[in-house]
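In structure tokens below, several structures.
Shared between the two complexes below is subunit A, which pairs with subunit B and subunit C, respectively.
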Partner chain A sequence: MRSYIIKRLLYSVIIAWGILTITFILLRVGPTSPVDRYILNIAAKGQDVESVRQAIEARYGLDKPIIEQYLLYMGNLLQGKWGWSFSASQPVMELIGSHWIYSFQLILLATIFAIILGVGLGILSAVNQNTKIDYATSIFSFIGISIPGFWLGLMLILVFAVYLGVFKTFYDTSYPIWSLENLRQLIMPVLALGTGELAGYVRYTRSAMLDNLRKEFVTTARAKGLSERTVIGKHVLRNAVLPLVTIIMFDLGSIVFGGAYLTEIVFGIPGLGQVSFNAIFANDYAVVIAVTLIGTFMVLFINLATDLIYTYLDPRIRYD
Partner chain B sequence: MINKVPLLQIKNLKKYYRVTAGLIPRPLGEIKAVDGVSLDIIEGEVLGLVGESGCGKSTLGKAILRLEEPTGGQISFQGTDVLSLNKRDLRTLRGKIQIVFQDPDSSLDPRMPVGDSIGEALIVHGVSGAGERGRRVARLMEKVGLEAGFAERYPHEFSGGQRQRIGIARALAMDPRLIIADEPVSALDVSVQAQVLNLMMDIKDADGLSYMFVSHDLAVVKYIADRVAVMYMGQIVELADKEELFRDPLHPYTEALLSAVAGLRRGGGSRILLSGDMPSPLKPPAGCRFHTRCHRVMEICPVAEPAFREVVPGHYAACHLYP
Partner chain C sequence: MSKDTLMKWIVTLVAVSMLLTAAPGCSAPAPKVAGNYIEGDVSGGEAETLNWILAADASSFGYVGYTLESLAGYDNKFNIVLRCLAKDIEVSPDGLVYTITIRPDLKWSDGSQVTSDDYVYTMNNLMFSSWLNYNYKDDWQEVVDGVKQYVVPAVVDNTTFTVTRKSVQPEFVYTLYDLMPYPKYIAVKYEGNVDAFTQAKEFNNLSYTGNLGPYTFKEWLKNDKFVLSRNPAFFLGKENGAPFFQEMVIKMFGTSAVMQAALEAGDITQCGIEPQNVAKFKKMERINVYTIPTRGYNIISYNQRDNGWEGLRKKEVRQAISMAIDKDTIVKKIYLGFAEPAYSFIPSSSPWYSDDTVLKLGVAPLNSKQQAIEMLKAAGYKYGKNGDRDVLLDKDGKPVKLLLVTTPGSDVVESMSLLIKQELAAIGIDVEVKWVQWATLIRQYMANKVPGSSQEARYNNGPGAVSEETWDLTLMGHSTDPLAPSGSRVFFASDGGLNSFGFFNDKVDALFAKIRSKEGLDKEDRRTMYQELSRVISEEQPVDFITYSRGNNGFQSNVKGIEPGINMGYNYYLWHFE
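Up next, the complex of A and B:
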């Protein structure tokens, strides 16, 4: 088991290195330059655009051959230096360090919200299959799956912030992270981000539960005289959890630059989604590479964690 | 060898399923999976229940334990009216009647060590100490011919035959009086079938159990049963002692079934081929349900439903050949 984990971590580093290299080359090969967004300013000041560009690029080493830039970047990275953000005028790590918490809190709360409610409703739906409860839950979950998160976010803002005035229309960074006010203002973003996933989890839980409810070990469990609660909790749910873990972990791996990014834009939350959005449009190379690497490591780490959770959940799975 | 005390009495038992179709469910009709079955199982006997797939024999087994709630009729177990029991008393009753299933793959919880699957029944039974439970599980595993040390293992580490033994041990944990065995050996190789059947017979003799042995395999039933009931489209069409039934079947359906098994065909008789499939259970044929496939069909058969009556002492059949 230990050798398996070490092997997987080694693979992860190699994959991350590959993605880093591809990202690096693609950014440098393109016809863009970090100077682009300042060209109008430069021209307005009556300076010669081309000479200023050369001066700036020389300052950041962008005039050197790609291979030299790459070796320099890798050398710095191995020393823990992630480079300088042109657009934010601060080290990349400082930039990310001051913004990641906004994404993290949003994703964490939305995921917890989606899992608890989604799995709960899914169980309720399966246990009451083909009843009004089941139909109502199904209709709700189909609507939830169909609505895009950003649209739901806009509608929530329209109704609860603009018409009813219950919330502010934007995310207010002046509240400390660990404050009730902050938790309260996260309600709408969490709903916008979590509802789609919640609705999906309802469907997955329901079908996984039904698959197992039909199994004969469930009938024999009932025949033993176990209470229905024990039968559902101990035999059905425990076996239904496995496919759920797959889908939940998959969502977690893709959420940062998927749903969370759009939610951050809609609510004006200064998280990693916004940081990468700005960095891409500013051709801020170092930042783009850093957030890409963070995303890569999240996916790789979550995949490894998923596989390890499997061995705990399913005695049939062993990696040796 | 059999004292004639009925352990289980079933009278006119019915289990209907309402069938619906469409987005907005509209009723299509009813499937009469079990339609007016009356049976006794005597203390210490093995009752074989045979019939084609879909004839309702598995449903009958589950309905006895109310794992499928019967639509009508009466079930009496050791004098207790099963259908009037409340939830709690039903759970107590379920200890006395246990069920063993066909599919050794799905009949054990894949995420539970087999010792726990067996021991779980003991917790319900009031054996709460882990030490005592462990000893009982070990004894049960040895009783079914498995090493007690295997209790920590998971179902996937066992072969099909071993898993079926575990299923039997789990049923025995409740110290039942009756075991409903629903095709318990159908999924096993023939050599393993014999081992499991022998095990079941040994346990029956040692513990004085009764079995209701559901099977589509006449050879197996001939080996294990004392009496045999033949089921067709939710109804019992013939019931007799094993020797009597195999020597002198009365119902044409039983005749056809017997003729289909090479080793059981009577003195040079040719094989009787049934024409067509079983009719849709949604629209069972009028009169005798078997008349559409019967090789001895008469004018009365599509018109009137034959009564289930004692043709020879101890030998019952539902057929117009025996008015």
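Up next, the complex of A and C:
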């Protein structure tokens, strides 16, 4: 197992390097420049646009040949220097360091919320198949899947912040991360981000549970006189949870790679989603590469974790 | 009580109350320092740097301005309001030497005096240096004997310095009013090293600003908020105790919908309001909405280069097209009344605007489809049938079809594009609207070069140059400087850096040159020149000036001291909560 993990980590580094290189080249050869967004402002002040473009590109080393820029970047990266964000005027790592926690707490809480409620409701729905509980759960999950998260977020703000005044209209970074006020103000964003996931998990869990409930080992377990709770909890759920892990981990990867962006936008949460999208629009190359690299590592790590969880859930799976 | 007695009582009461309020001790109490002022803004408007000399965006100067005053500002009528200046800038009779006298009570954070040496150092060693590449250096350069060179600053004494030019540029004084200093005692440490200067903590945290602004820097979390604390030492607050907010916060929002919801809920103090929401906010007792003129305008550029429709190279055709596009409809239907028709690059709020000389195409009586058709016919074009429609034919007898290129993402621009298509269809011109990203627009449609040459593509490579892609019309938003509108020569002069539409006119070039010369020193003469320039450009119609938009700002009604106008924030340090 250890050699498997080491091998996977090694592969991860190679994949990340490949993605970094491709991202670096694509950003540089693309038809954009960090100066594009200023052109009208510069022109409105009567300046020579071309000379300003050259000046800014020279200041950030973007006038050098691409191979020289790449070697310089890699050299700095190996020394732990991620570069300077010219759209935020601070070191890239400082920028990411001050924002990651906002995305992390949102994704973590939304995922926990979606898993606990989604799996719970899915089990409830399956064991009560074709009853009112099942129908109600199904309707809820269909609605949850159909509602776009950003729309739900806007509606939550309108009802609970504007009309009822229960919450603030935006996420307030003045509260300490480890405070009840912070937890409270995350309720709406977590609902907006987690509801779609939750609804999906209800459907997947119900389906996987029903598949397994019809299998012979369940009949055997019941024939052995095991309680229904043991049959469902120990035998059926354990088998049903394997495909669910794949889906949940896949979803987690999607959220990490930008899925939380819209929620961050709606609630004004200054997370990595906002950082990366603003950097893309500003052609802030150093930040774009850094967040791509972080996202890549996160996804690779999630994939590795998924494979390892498989071995725990299904002892038949062995990697060595 | 008789009527006369009652009147006597009333008169006596009024007189007593007037006497009481006029007494020194009973004047309106000074505002109290209280509360945090939170201004909402949408993400695209966030500043990029507090190290202002490196900034290319307007917001960065705005953020820094809270902590560091320039030499002077302007009120809503464009009167000069002195800030760091002890008295107005003196200009020598020949218009070449500017003498600047700063206040003696300006201090850096270490307590040392801000001197004229700091200003001169900022210009000579930073703005004019080759290692730093200041983005707005053109403002400080002049062409002498065909060579570009910088103006010459010199220290006179601790609080006085001069800036000397070799050529007269009457509007240079406005550049000087905007000047801000860097502290020499800190900047010398980083001089010559662009990376070190860019990353200098003192400059990125504005820790040097002393008593130079009403607020001092507290915190900046990107994509979230910019927080400033009240500066009790502010040099303009000695007598009145200003500023009056404990904190000034600029809060960023991802969407304007949530920002306006925050205003409605009372979570923020102020934000911009979209035209469709103004009526709703005006009904709210807790909110005051102020509608003010802005510097932003929309134009349709006519491609007069060789790869545009040849008709657009004729003045009469351009006039006819502009005449067919109804500006009042755009103002009423698209801007819901929060705009005014534009006829020139000089807005009506500018002291240089002349309403009498501009040709008001697109507004009655010069808004007539029939007249436009007649003008097109007079220009030598015929009409033919396409199905049951009358369509304009080009010289080869084919129906004229124009390509309008613009950028997506704005409801106003999209609605306007469709309205233009509809208006021109009514005079027999089909318009295809193409939405492209900004980077594509500037590279493939605006940048141009002479075909087959080794020129590097620029936005104006002279008369023979054409863009990579063909186009006929572009719809874009621009902004202008109402005080020094001659900066718009970048668009309309033959050598203007953003004259991508290929408008070359000797008379216009001569007028721009005249305004920026000794002949423009006299304000009345300059006004006459601007009148003539506006007339010529509005007649030539290199572009169709569509509208100047008006901004709507919503404030919680307990904010007092606001003077609505084009420079509404000029006295923001006096604003306070009731």
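Convention: the second predicted complex is superposed on the first by the 310 of 320 C-alpha atoms of A that agree within 3 Å, B and C clash if a C-alpha of one lies under 4 Å from a C-alpha of the other, contacts with A are read in each partner's own complex, and residues count from 1 in each chain.
Just so it is clear, a contact is a pair of C-beta atoms (placed from the backbone, for glycine too) under 8 Å apart; a residue touches a chain by one contact, two chains touch by 3 or more.
Quantities reported herein were computed from a predicted structural model and do not represent experimental measurements.
Asker: Determine, for the superposed arrangement built on subunit A, whether subunit B and subunit C clash or fit.
Answerer: Once subunit A is superposed (C-alpha atoms), there is room for both subunit B and subunit C without a clash.
Asker: After superposing on the shared chain, does subunit C or subunit B touch more subunit A residues?
Answerer: Counting residues of subunit A touched by each partner, the higher count goes to C.
Asker: Quick one: classify A:Pro176 as touching subunit B (first), subunit C (second), both or neither.
Answerer: neither
Asker: Scan A:Pro65 for contacts with subunit B and subunit C and give back first, second, both or neither.
Answerer: So A:Pro65 meets neither subunit B nor subunit C here.
Asker: Which partner chains sit in contact with A:His235 here, subunit B, subunit C, both or neither? Use first/second/both/neither.
Answerer: First partner only.
Asker: Report for A:Phe217: first if it touches subunit B alone, second if subunit C alone, otherwise both or neither.
Answerer: first
Asker: Looking at the overlay, what does A:Asp36 touch: subunit B (first), subunit C (second), both, or neither?
Answerer: A:Asp36 contacts subunit C only, not subunit B.
Asker: Just subunit B (first), just subunit C (second), both, or neither: which does A:Ile56 touch?
Answerer: second
Asker: Once both structures sit on top of one another, what is the angle subunit B-subunit A-subunit C taken between CA centres, to the nearest 10 degrees?
Answerer: For this superposed arrangement the angle is about 150 degrees.
Asker: Quick one: is A:Ser87 in contact with subunit B, with subunit C, with both, or with neither? Answer first, second, both or neither.
Answerer: second
Asker: Who does A:Val266 touch here: subunit B (first), subunit C (second), both, or neither?
Answerer: A:Val266 sits against subunit C, while subunit B stays out of touch.
Asker: A:Val162 contacts which: subunit B (first), subunit C (second), both, neither?
Answerer: In the superposition, A:Val162 contacts subunit C only.
Asker: Considering only C-alpha atoms, give the closest distance between subunit B and subunit C in the superposition, rounded to the nearest Å.
Answerer: The answer for the closest subunit B-subunit C C-alpha pair is 40 Å.
Asker: Could you pull out which subunit C residues touch subunit A in their complex?
Answerer: Against subunit A, subunit C makes touches at 43-44, 46, 48-51, 54, 56-58, 132-139, 194-195, 198-199, 204, 221-225, 251-255, 257-258, 261-262, 264-265, 267, 438-440, 442-443, 458-459, 476-481, 484, 486-491, 497-498.
Asker: Of all residues in subunit A, which touch subunit B in the complex?
Answerer: 215-217, 219-227, 235, 238-239, 313-316
Asker: Can you list the residues on subunit A that touch subunit C in the complex?
Answerer: 31-33, 35-52, 55-56, 58-59, 84, 86-91, 95, 98-99, 154, 157-158, 161-162, 165, 168-170, 173, 264-268, 270, 274-275, 278, 281-282
Asker: Please output the residues of subunit B touching subunit A within their complex, sorted ascending.
Answerer: Touching subunit A from subunit B are residues 62, 65, 67, 91-92, 94-95, 97-99, 101-103, 106-113, 117, 120-121, 124, 154, 156, 167, 170-171, 173-174.
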